[in-house]
Amino acid sequence: MPPKEACGIVGIASTRPVAFQLYFGLRALQHRGQESAGIATFQDKIQCVKGMGLVHEVFQDNPSDLPGACGIAHVRYSTTGSSKIENSQPVVASSSTGDIALAHNGDIVNADAIRKELKKLGWAFITTTDSEVLIRLLANELASLDDIPRAVRNLMRRIVGSYSMVVLIRDRVIAIRDPLGIKPLCLGRLPDGNGYIAASETVALDVIGAEFERDVEPGEMVELTSRETRSHRILGGRRPAHCMFEWVYFARPDSVLAGRYVYDVRRCIGKRIAQEHPVKADVIVPVPDSGRTHAQGYSEETGIPYEEGLIKNRYIGRTFILPTKEAREMNVQLKLNAVRSRIQGKRVVLVDDSIVRGTTTRKIVDTLRRAGATQVHVRIGSPPIIAPCYLGIDMKTRDQFVALNRTSPEIAAEIGADSVGYLSMDGLVECIGLGRNDLCLGCLTGEYPVEVPGEKARFQVKLDSY
Amino acid sequence: MPPKEACGIVGIASTRPVAFQLYFGLRALQHRGQESAGIATFQDKIQCVKGMGLVHEVFQDNPSDLPGACGIAHVRYSTTGSSKIENSQPVVASSSTGDIALAHNGDIVNADAIRKELKKLGWAFITTTDSEVLIRLLANELASLDDIPRAVRNLMRRIVGSYSMVVLIRDRVIAIRDPLGIKPLCLGRLPDGNGYIAASETVALDVIGAEFERDVEPGEMVELTSRETRSHRILGGRRPAHCMFEWVYFARPDSVLAGRYVYDVRRCIGKRIAQEHPVKADVIVPVPDSGRTHAQGYSEETGIPYEEGLIKNRYIGRTFILPTKEAREMNVQLKLNAVRSRIQGKRVVLVDDSIVRGTTTRKIVDTLRRAGATQVHVRIGSPPIIAPCYLGIDMKTRDQFVALNRTSPEIAAEIGADSVGYLSMDGLVECIGLGRNDLCLGCLTGEYPVEVPGEKARFQVKLDSY
Amino acid sequence: MPPKEACGIVGIASTRPVAFQLYFGLRALQHRGQESAGIATFQDKIQCVKGMGLVHEVFQDNPSDLPGACGIAHVRYSTTGSSKIENSQPVVASSSTGDIALAHNGDIVNADAIRKELKKLGWAFITTTDSEVLIRLLANELASLDDIPRAVRNLMRRIVGSYSMVVLIRDRVIAIRDPLGIKPLCLGRLPDGNGYIAASETVALDVIGAEFERDVEPGEMVELTSRETRSHRILGGRRPAHCMFEWVYFARPDSVLAGRYVYDVRRCIGKRIAQEHPVKADVIVPVPDSGRTHAQGYSEETGIPYEEGLIKNRYIGRTFILPTKEAREMNVQLKLNAVRSRIQGKRVVLVDDSIVRGTTTRKIVDTLRRAGATQVHVRIGSPPIIAPCYLGIDMKTRDQFVALNRTSPEIAAEIGADSVGYLSMDGLVECIGLGRNDLCLGCLTGEYPVEVPGEKARFQVKLDSY
Amino acid sequence: MPPKEACGIVGIASTRPVAFQLYFGLRALQHRGQESAGIATFQDKIQCVKGMGLVHEVFQDNPSDLPGACGIAHVRYSTTGSSKIENSQPVVASSSTGDIALAHNGDIVNADAIRKELKKLGWAFITTTDSEVLIRLLANELASLDDIPRAVRNLMRRIVGSYSMVVLIRDRVIAIRDPLGIKPLCLGRLPDGNGYIAASETVALDVIGAEFERDVEPGEMVELTSRETRSHRILGGRRPAHCMFEWVYFARPDSVLAGRYVYDVRRCIGKRIAQEHPVKADVIVPVPDSGRTHAQGYSEETGIPYEEGLIKNRYIGRTFILPTKEAREMNVQLKLNAVRSRIQGKRVVLVDDSIVRGTTTRKIVDTLRRAGATQVHVRIGSPPIIAPCYLGIDMKTRDQFVALNRTSPEIAAEIGADSVGYLSMDGLVECIGLGRNDLCLGCLTGEYPVEVPGEKARFQVKLDSY
């Protein structure tokens, strides 16, 4: 499991009140962020309600105070440290064009640089978020332009990074995807022909009964009204660079990204690792819940029985600092327990989607050994992570990666396993079913699809030369 | 899935402070009750902390203010209605013998009758709980007796029903199981020889590193100290009547009850239904999470691929009343979504552990059909539920059961399935691996192991004639 | 200012729903207790809602869920330590007679002794409150008697102490006052002839527009219905022993106790101290808010101007432990600030209602000196407190009293004043306007109107020999 | 009593950590705002903590996490409607000059106009507060200027209205007062020569033991460091226009404003009304707490006894909507109760500081009549309010004022009094002791010291032509 990241966004333009559809769409994206939730809708003016916590905690199943037939919504991921209401989205700004609201998912690589430039021009920032940079830049462009597409183009020429956005400009909903399509964003048709929706994942469409239409293209801006969607190709013409981790871990298995069911990709990956790293074993055990689909694929391919030999405690909340070593050990044990009857005396294949630091995996291997496993072979549904992500995943430093400068046997030793097998790059690419050059593989290769100071750019052009 | 029920209990006698062990033991039993949590410990006097919510919400990972080397703990299940702090456990009473605290799991069938009798004697009850009846009766017996076993015997002679209890009498921990052993209760040895633990399920032992020793016998009272366990056979000599639902649904899969891993029983049940109700199908799909292990067994037996074609939303909290039909439909859709690529055009076997009303199952069958399933065959890991439970499960009236007075085809029609197949009684009994007469099958047969007014007793003797 | 004590009670029998009247009556008594609040009403059964905090915090201005035309209510005082919802009132018990609820104000001197006796009989207590003792004793008596007065008599014969009570026995409201009438309790007629009310102070009558009828007599039990009040003389025939502190400090100035306005008594006291302890001075300054009315009387008598030269911060909440001496000093300064222009160069008479420890008074004298007072003469509206209270005020130990074994000059030195003048006992008695033998003066004399182990009884008879 | 308004501010530059001094200074100003509280301090960077509620609720007596030897703090008033954390202060902005924080008290009359102009330049505002306008304008000026005084001058030339401000620019604390000195702001010296403090009222100095030095002059900017204060005359040369309501109602009686104790002014006003509107009466009764000091002055002047014949309930919290007329009446009665013995058969002079709508006064007069007053003469410590305030008090529309277009007898009739007597304008001016032209009397005259669109300006020059 990689660290938490991501956000989820929804935008809807309808003929009818949208608060409940935004609310349920957001709840379907809850896995993308549990720190804060917010909804902004427009009727005469933009109104916005935000709060810390899960969507249903913030809105108590009652978002209906928010009037209006168009709006946007956002869930934000949970990090340990400085989670504050000030960082929650959507952000709202009033400008000469009227009120606008904005919600986004991703990481603006050059946000600090832009901020510094703007400060030189006398701008003062009253939050520390990318959101303020984005909405004020956009509002600034809109002030001097009456056409939204040109304003958005000027914005997109300036910012570098991953960003899927929904923007509410009075009664219009704008969906924007970065020129590399790093973060997902799709379009759907509301039930009964009432309008259109844009959302991070198709599951947000499913929950409200909307019909999937297509993904927003990299570099595209789509204007949604209750009657139509209007497409504007803002930037692009280049190959995309979809984040491979969406299929491997982030997205829900029942989502369809770039035309492929996440579930199917994970199942395919499971089979593929089995082919690439076969091993004599008695039982296939997933790391719950992240490795489950991969493990079923592995089992299907090999015929070795699939057993949920590790049981996850479903009631784990915020963990406080525990005072003693003994308490901390019980806390680890609490999270995962083995079904000894399925492990004891067995050669176990333990399957997970990825490894970052390896500390959790080491504990799980240990749990299996204590439950009597004679061998533990770890199989991972992605290639080794060896480089930071600057485009939306919360792993920013190199020294944390167990796979960096280590061979597979060395990694196995580090995590206490008999063997470790990672999915090959080819395997990953083939299971996702897109070309290798259509994916962002930065954390696996150290080469990034956008220019990051101090890192190798995968393409020889600067993105802002578009 | 049957309705929520159950409680979880833990009692520990040690040479060292027990608050953290009780806390983690309780967290391992969190699945048995999410309404309230409480811990009582003894040092000079009994101190007790209780609160509404999950264990970690009540104690904030910090139970260490509770001093003492012995104590008991309790989690209580969540019902919709009158959940109040007054109903939480442990309860504490001060009597001539000193302070005592008590926590129990089960249902006292004749609590109202006893309460009525005692009121005639001038007793006034200041709560409406069984707990007050139990602790005051016990304290009353202890007042006139210096030996605990005789006091417990007098209590047990009086009460009829299911009850596993832990009682803290000054520095002694007493574990008591009803004469039929309806509710589970097991004993373990603390790590490093520091003492003993009693708990509802073995997972509470696992989390603190305790070693399983044996189940408390039906009708047995065990006195735990830090040095030894002392057994007293209080009532019994009859066959037990273990609640079969513990294996089918309540207990965690990684628990061992009466010597059998819950996981293994469920896997066995899955295979057995496959034998009893084979069907031509393309895919086996569990109702998550309750039908998962059963479905894997069904898949293993038939070779038909196991697919997690239904995805459960992990972030469902308290549901409020939704104002519109549309919102209520979205709320249903939110809970469970289909992976269309695994369902469309397929003949699906849907596996769950049990059916009570059938309303949820009907919605799930409908979800599968809308995802393109050509056939949906429902397979259930237990026989039809046709009678109320008076011994601890929250289903008290007959009119709710979809299976009552209906044939399988009629039930299939009711829930919209192509066919329904229930596990046979023999199948259930054989998979659990105990004799039929060693199980409580009241909700499946309408014959109860204890006398319930207006119902058939399975045995011809009155329990209180022991 | 003496320490916080007291509770407030209300009971109403009406032809109409009483929840709001109980609620507002309780709010008018909020000064008698800020820790917890509760209301119990009867309709078919007794329902009770209780919570920690102020009345309006607990009920949020919405007590109307509590149905029924009769009920009782209670506020409880705030102590620093173990404030718990378990200690809040009313308490409810179900007995052979049906449900009963009880709320009381006072202190049962022999509660522990009774508890011990009852434990010997096998009773177990599930709380540590006097309330449980009272309600269970009463319910026990009621079980064997069909007439309430005899049950109440048996209860009152057993308990010794101060107690005003309201009891709800199905649809009857019973008001009971201890044989010495230590705590106040009065009767009123609801507006529009709808029924009757009993309450701790007349202000509870005022707020609902009820008309004051009379005080409940010491030793009297009054049965309230919507049509009439029926009086039963249970115990008595002796002189009363009203707590003098009700007039001096506890009761609201706008309450009438034993026929005398509290405001008038305090004003009279102010004048009387002026006569007893005249001093040449420039200004009379009260300790806000407790000494205000006394100080106005002093000013009126002497013609020396009354000035509110000390300003109290109205926003003082719960005080936490402050880390540094500097912070603690600022915290003292925060509570009270001087109006220098009214103090500087002046001879100040500082007036308060009473002194217990003297620590607060010392700080206030110091504040005045730092504001430039040339002299500070302290005048106190009650005689020196030299003995504990066992009958309802939270001062249980002797070593805390600054006046014990000290002469006036010694006390003045202790608190840094130029002189101290206490009201004489005669002055107090005359201002209250009742005979000396009609008052409880235990904390001033060390002689108590009931037998307290280790203390002198003022009367030579045992109270329970009634 | 006029409606709630005002805010309170504190700024401190010291050689030692300032969090506790800011905290206690703020608590001393709590009467100026109860909605939200915030503190910002500087050490390497600016840190800011804000929250809804009273100061001690937000900081729980523990502000010590905020490091640094300089900082600013703010309390905000409570309105019924849109109280949100987003509106709380201090606001923090990062600019090319570094972080700055700002807190202010007052009303910027041309904030909307400025906002509109700036939007035309492409600025987008992400809150709706004056604070954002102020801090971004200031930061914008600072970006192009290295000297703070010129930046502040440019800001002050642009804004029209009332504003006392404290600004934290890295480690410098700047105190600014508008050119008319409408809102109060004073300077003090910390104890032990540790530095300097600026605050809304002198009570904030008293609480931390600081010595009052002088008021900040209208149009002055003072730079505070731990070693010195440096004064910059930014705008001015004109006469001030201090808000007269600070003395009449807002400020604490123990504060000194423009050299006059608030208490003394109120006392003087009381005497003066007695001279201007004498009446034969038996008793002087204040509206608690606002009319108390005025009433004492009235009593002193006339010799008619002062009696606190109306008792205010100290435990009034947020009022919810009550369902019935009866409940609403009880709620009114709850707030204020009469001491009948002091009212009955008496001719009462009721004294308050001011009247806005008259609805509350009507209820109080009615309370006195029901308590038996034979006559009620209302005396008001300020002239009639007949015009809106645009400079900081929450009364923006004309139609609310009872005194508008009514003679005194008509007002008396409206509020049910036998007579009404308002303080004369001369009386007010003389008691405050400043020249009439040194006060803002806008709400009494309809002529404002600054240009307000649609209203008469008292001076014929535009303020921004300074």
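Of note:
Each chain gets a letter, A, B, C and D, in the order it is written, and its residues are counted from 1.
Heads up, the rule we're going with is that a contact is a pair of C-beta atoms (placed from the backbone, for glycine too) under 8 Å apart; a residue touches a chain by one contact, two chains touch by 3 or more.
Not measured: the values here are computed from a predicted model.
Under the touch definition stated at the top, chain A and chain B share no contacting partner at all.
Centre-to-centre separation of chain A and chain D, using mean CA positions: 50 Å.
One simple way to say how far apart two chains are is to compare their mean CA positions; for chain A and chain C this gives 62 Å.
Averaging C-alpha coordinates per chain places the centre of chain B 62 Å away from that of chain D.
Chain contacts: chain C has no residue touching two or more partner chains. Every pair of chains in contact is given here: A-B, A-D, B-C, C-D. Remark: chain B residues 85, 91-96, 100, 115, 119-128, 132, 135-136, 138-141, 143-144 touch chain C in the complex.
Chain B contributes residues 20-21, 24, 27-28, 30-31, 34, 54-57, 60-62, 64, 203, 206-209, 252-254, 261, 263-264, 289, 292-293, 296, 300, 305-308, 311, 313-324, 326-327, 329-331, 333-334, 337-342 to its touches with chain A in the complex.
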